[in-house]
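Below is one structure, written out as structure tokens, with a few remarks after it.
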Amino acid sequence: MDRRRVQGPETSVVPFPLLDDAAPGVVAPPLQAGKRAGGRRPEDMRPIFLRTGLISQASGSAYIEMGRTKVACAVYGPRQIKKQQGFSEQGRLYCEFKFATFACKKRRNHQRDSQEKEFSQVIVQALTPSIRLEKLPKSVVDIYVTVVENDGTASCLAAAITAASTALADAGVEMIDLVAAASLAYQQRRPEGDAPTGENTREAGAADLVLAQMPSLGDVTHLLHRGPVDWAQMSRAVEQCIDVCAKIHAVMVHSLREHSAAEQ
Amino acid sequence: MSSSAIVTPGQRLGREHQYRTGPGTYVRNSVIHASIVGTREIHSAAEEGELPTISVTRGREQTTLPQVDSIVTGKVLRVNPRFATVAIMAVGPTACRDEFQGIIRVQDVRATEKDKVKIYHCFRPGDVVRAQVISLGDARSYYLSTAQNELGVIFARSVAGVPMIPISWQEMQCTKTKTVELRKCAKPM
Amino acid sequence: MTTVTTAVGGVASFLLFFRAVCSLFIGATSFAMSRVELLNPEGLRVDGRRANELRKLSCKLSPLQHADGSAYIEQGNTKVLAVVYGPRETRHRAQVMHDRAYINVEYLVAPFSAGERKKRSKNDKRLLELALAVKQTFDSVVMTTLHPRSQIDIYLQVLQDDGGALQASINAATLALVDAGVPMVDYVCACTGGCVDSQALLDLNHIEESSAETPDLTVAILPRSGKVTLLQMTSRVHSDQFEQMLNLAMEGCRQVHAVLDSSVRDSMQQLADQMTHR
Amino acid sequence: MASFGLVSQVERDFVERGVDVGIRADGRARDDYRPPRVELGLVSQSDGSARCQLGDGTDVLVSVRCELGQADPAADDRGRLAVSVECSPSASQRFEGRGADDLNTELSEAVTRALTGPQSGLNLRQLCIVPGMHCWVLNIDAIVLNYGGNVVDALLIATRAALADTRVPRTVVQEMEDGAMDFEVDDDVENAQPLEHVHNVPLCVTANKIGAGYVLDATLTEELCASARLHVTVNSSGQVCAAQKSGDGAIEPSLLMAMLQAAKEQARRLLEQQDEQIRRHETEIAAKRARGEPVKRPSIFV
């Protein structure tokens, strides 16, 4: 027996059966025609809770909740590039994206796996176009993203990008625009906005899309799509995501304004 | 202050022909946008015929980076015959969150008789210096200069560990033991 | 239940190995499972060659246009690509030698090159040893003193290994160096030799090489002077037979030299033709 | 690719202005694709292999090997694919030692993304031997021999061709007395089966945003000048299987749609060309077999 770790019991029960839709004894409410779980229409998104400045030690921070998707983000810096990475006229972003070990159905390891590394890179690529890097010579801005609860990987990534951009704005990093990101799952040949887990794994042929955009300027800063879909479906999905980004942008602006006003 | 005056990055502030751009703003396609979260401020022109300046200022202190020409304050970490290494702790009036590394090379210590400069006669580890950034330097350090009267050591302790007072532009005296030590002193402002 | 599963696993992996070995020489139909007969009573080897016969050797100079020099060699089913860059500035200051060039050899093996798929790390000790063998071979042959403070890179990529990857690599590196115009005192030609039932064999293939009782000798010579620059042998052999093996292998080197030399001349002739026609 | 060093501002201007007026350094138009030269079945000890060259630059060699593996408990009735890409230092000195590690991971991920999940189109059930116990693992090993831009596309072109060339050995499953399953692998290459639904495997086309326009099939210099890149993976029924932006720039929505559309169209043409080539290759081999001639493998370079 490994004495260094506390051994759990061999069997266990779900403590709050009502929290888990799939738990036995809980009957999911029948879906209304054209509606999704939770009574949403296909294009509706979940209500967003977004707040900045919750992590006091960081230069800037943001916490976002969309339904059961919960993501916290902290930004540190700008600080001088430490390692021997050579001189650079422009600043750099560095991101560490991590699922909390308890965030998913299956326990995650403390080490970042390849998916988390990939998402870190995606976040950097999605935010870099929005930052005025020429203002930050020789410096690096660190972004740490922790997913507290994962309710659909695509929506986690979108929430992470949105939160990271809000946190950067909160840190006072000069940027040309905020970046809002929206996720979407294709289902039964129709895109549905802002997909939680149950919805994008229901079908084997499921496909999803994450799109990040600078809403004031209109430029798309990232696009990540998986799964086979028709061209018409995809172009409609891109348009729909752009619409959703505008709505998310309004939430971001509201929360930044509120926080800024509260400080003065 | 009403929250409507608070702007967010990307928000349009006006057109280029209306204002001059100040800090916290940028121009794209001749439209002025905000680049940070903060309060919009319009300063009327100092002279007749000039455009008013528009800027965005943050409520909280702005994170700062050393830039060329900015005056920085830092502590000498170590010295060697070629340069003194300085940890930059404040840029202008604002303190830095993280320290930046800078060096004062032997030829940048003072404006005259550069060939006679001995670093150890100008700075010692632990001194607090005021210096100007002359270049972004190399991958590791910013290059600093103290070649002005107002720049140089502003605080130093003697061998006895007591603060010293400047008695000339290159000497400081210990208040306790009255020994004189060599420093490149800043002119009191 | 568990024991059965492991048994099945064992059978499966054995079958896989068997399949891998089989696939190496699909041509050879009569193949005894129990003990491989390396030399049949008629004096023919598993792939139908005689004892003193080389495998088919074909080569091509500068298959890759962008490199300073490159060469590709096929010796039977062993296929090696050699690429040479340089002489150029040294990458690391520690490697600078003020009186001569530094030769850097990197020896890479494709994961699909051998019978069984195996991914080797770049720091695999066996690969480093082979790279060192190639480096030491060429240190004495390349006129490094003509290019002080510089570096010559030789990258060897083994695409397929059916025995004798080292000899093929050395031959390919020679051609690539010639193609790059690096001055050398002579060609370096390498060949392997072995010995079965006191009969010396030339140019071992994978089956002969991996057989436990065959000694396996790799020799590289400078064909004009006959000087030996590399000599490697594993297993044990009687000294009388060793001499026989060595002589046969050196004879093989001379045959290799003829092929390499003619391919260099052909390719230079082509180049000259192109230049005169332009 | 930052690992290839820098490009000067003048060179960048040259490329950008060229793209603005629709001219490229090698005489192609913005939408032109260098015709890929694909050869099948080069590596004799592999179960399938192919090499793809784009222009004089990019050159990749892909091998597919079937290996017995334990079934994945999450999908016990299916086999799986494992991809590894290696950049040989013969392509660039920067790939020496550990220099290529990051790029290798990036390229392996890019190929894996196109080939795993439902979008791969392959029938992975075909690779199952004993459900829940044994399956075939298709090891896809790629070597980048020369790096001349657009390597992701070339890798997928070569991989798809190699998969079409792949023959999976036949297995005979027997049930033993105690209910356990045993199987034997048929060694006869003639009996090996081709993979099912290879024509459904998607191809990737990369559009590079340079200045205000975009180009397909960028050369190395063009890749260095690109501010953003869009990898679009499309299958033969015209479905978009995956799309991903990379690089540090932003793309306007109208340009994004144009890039997607152009990449999709190009992918359709590439797929048609490749299917035609594979069909020709197969009929050639079948004809040779029928005549009893030996099927010789083409040599890699000679």
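So that you can tell them apart, the chains are marked A, B, C and D in the order they are listed, and the count of residues begins at 1 in each.
Assume a residue touches a chain if its C-beta (ideal position, glycine included) is under 8 Å from a C-beta of that chain, and two chains touch if they have at least 3 such contacts.
For each chain, UniProt lists the protein as follows: A = Ribosomal protein S5 domain 2-type protein; B = S1 motif domain-containing protein; C = Ribosomal RNA-processing protein 41; D = Ribosomal RNA-processing protein 42.
Owing to the predicted nature of the structure, the values given are computational and were not obtained by experimental measurement.
A comparison of C-alpha centroids places D closest to the centre of the full protein. Averaged Cα coordinates give chain C a centre that lies 30 Å from the centre of chain D. Centre-to-centre separation between chain A and chain B, using Cα means, comes to 38 Å.
Centre-to-centre, using mean CA coordinates, chain A is 30 Å away from chain D. A straight line joining the Cα centres of chain B and chain C is 63 Å long. Chain D has no residue in contact with two or more other chains.
Touching two or more other chains at once are residues 130, 214, 217 of chain A.
Within chain C, contacts with two or more other chains are made by no residue at all.
If you draw each protein chain as a dot and join the dots that touch, you get a simple line with two loose ends. Checking each pair of chains for touch leaves A-B, A-D, C-D.
Across the complex, chain D meets chain A through its residues 105, 109, 113, 117-119, 121, 202, 228, 230, 235, 238-253, 256-257, 260-261, 264.
The part of chain C that touches chain D in the complex is made up of residues 1, 4-5, 8, 11-13, 15-16, 18-20, 22-24, 26, 58-60, 63-67, 70, 72, 74, 77, 79, 81, 83, 85, 91, 104, 106, 108, 110-115, 117, 119, 122, 153, 155, 157, 159-160, 162.
The residues of chain A lying in touch with chain B in their complex are 59, 77-81, 84-89, 130, 132, 135-139, 169-178, 214-217, 252-253, 256-258, 260-261, 263-264.
By the touch criterion stated above, chain A contacts chain D in their complex at residues 114, 118, 125, 128-130, 204-207, 213-214, 217-231, 234-235, 238, 242. Only residues 43-46, 49, 56-57, 59, 61, 63, 65, 67-68, 84, 86, 88-90, 93, 96-98, 130, 133-134, 139, 141, 143, 145-146, 148, 169, 176, 178, 180-185, 187, 189, 299-302 of chain D touch chain C when the two sit together in their complex.
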